[in-house]
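Chain naming follows the written order as A, B, C and D, and within any one chain the residues start at number 1.
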């Protein structure tokens, strides 16, 4: 399989996910500021959850692009590791809607972290499979992706933080929010890590 | 018509189908584990149905790609055979939602199998039309797709199993579930069948 | 503007329209055959309307492709004539849902024909604009599209039939259904008209 | 990052936005003209709001294309400025649905203008970032985009008019409607501004 179609399909799925999330934001029945912020549906919390998830999906789309940039040929394992990643990302709108609607409750906040955790693990698996294939193809000497990534500290830190966020959701939901936001901020930079090497 | 636009359109439709299915998973009203699993809407059954349909659409997308890889030019018959396949795939979200919502009932489980059956038949027709065109074009001597596929045992076995699953849905829905899962597992491998020959 | 991006955008919109129509088919509350066919929402009529609209959007997608095949460069007028066509096509899901839900009523059946009529007119305008540009560009001597189309009888017949279908909707809805189906059948062939010339 | 994937992703998001807006137009329960225009949901106002937003998204898509046409390479800043623009555009369906449903109320009309305002600012930031990068890359001597745009009067006029429209929404909603329509009409022309230079 050539890389282009895998990219196009992944782009399509992520573009749809990032867009249908907005369908969860239902226009309020009233025309007042109170309706916008306090009406049933808790639009303000839903909106902030939407912003956070939009940024996360943007990060995944951007990193996914850089990842694929180092891939020359796609095999079956990569294809399914990629679909596995898309599967967990596809649950982001659901998790976002639940957390937005019931902000301040324990389980929705932990569930949101759980979906992010699974997506991070799926991304990690995809990276490992691509590197393994590149090493195998070059007789174990070279992987463009491994060189580009350097270390995987950031991926592992994210996973630890998601687990912490899930645990803290049962203590105080603002703490878990803070952690989810911190991970997003941490990832807004590192695109350049791969970008620089590729360039 | 060139192959690229047919692929892009099919990718688009499958990407949208795989994604809008998730809109059927409605976030529960409550914030408890019981709400997540037992609330009206039977979220757990819906989720498992979603996973199965996600895998099926992933398989179709992947196999469709390999199929198209052997096609040099698209004629009107292929175009409509392809739209016919997309039509049956477009009913997957509906069938998934109905089976998820009313798991343990006969008709939704049989209907789900029926949609898979029609999609399998549509796929089979598309394969036959591509092979016929390739043979016609080469004066009856050669079809890249036929060589790549070798035998069509797997396609025929699937069709038989879907029919069995539909019948068993009226006996025990867990049996029909098992059959639908078995067919999916059977297809998770054979991408490579074509892939190897093409490479 | 290059043709590729116009095609990709149009493909995207049509792929989404053809897919979101299926969201109007709501899985019934009951698990019986009666629920599938007679429950509130009139699923059977909705399903048949869905099939018809799926075929129409398939025809537009296919013809649109052949149309664009003759275009070398896209100007602003073509771009907006194309968006105008997409606008009317975007109302197909709405018209389909209304006619499906209230089959046997006059206005929804006439409205459905009205949307098809406007789409046909928009298509006709797009054709005229492309031909005018091609003639202008070649000093009035040549238009690849005009040669490919030959005569425009079929487009004009369609428009007349849609108007007839709209009128007959107020007499008997089965007659207007028959006319909408007849126009679709008439168009299932003529892709080849352009295809042959282009090849 | 290469330009093609950024364009494809942006096209995808805009195509989805322009299409899912139509999901807000719910087919009426009744089959009469009164149902179509006066039923709960105020379909006529919703329809007109849909038309306006369709035109706006068409303008953004078209201008976005021309913008990207001058870009040779995409860096991280452009990528996020582009996602920022898509974020505000993603709120257009929400704002459209609210204004359509509650036309004649102050806040929804002002909110609609606010979303357009933020999208215009996001577009302006994207333009500035592209120009800065082009100047930096050429040692401060040349920016293809800056030459193509000439002056930025139109962008600034739009921003001023959106602010005026938001203010007038609290006086008379028809005035703010008129302003939003006027800005759209103003932009239906100027694609050619860049197009001419690029050609």
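In this section, a residue touches a chain if its C-beta (ideal position, glycine included) is under 8 Å from a C-beta of that chain, and two chains touch if they have at least 3 such contacts.
Treat the numbers as computed from the prediction; the structure is a model and nothing was measured.
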Per the touch definition, the chains contacting both subunit C and subunit D are none
Min route length, chain touch network, subunit A to subunit C, equals 2
Taking each chain's centre as the mean of its CA atoms, which one is farthest from the centre of subunit B? D
In terms of residue numbering, is the interface formed by subunit B and subunit C classified as same (over half shared) or different (under half shared)? different
Rounded to the nearest Å, the gap between Cα centres of subunit B and subunit D is 37
Please tell me the distance, in whole Å, between the geometric centres of subunit A and subunit D computed from their C-alpha atoms. 27
Could you list the positions in subunit B whose residues touch two or more of the other chains? 8, 12, 16, 20, 23
Classify the inter-chain contact topology: is it line, ring, star, complete, or other? ring
Taking the top-of-page definition of touch, could you list the pairs of chains it picks out? A-B, A-D, B-C, C-D
Can you name the residues of subunit D that touch subunit C in the complex? 7-8, 11-12, 14-16, 18-20, 22-23, 25, 27-28, 30-33, 36, 51, 54, 58, 61-62, 65-66, 69, 188, 191-192, 195
Give the list of subunit C residues in touch with subunit D in this complex. 1, 5, 8-9, 12-13, 16-17, 20, 23, 75-76, 79-80, 83, 86-87, 90-91, 93-94, 97-98, 101-102, 105-108, 111
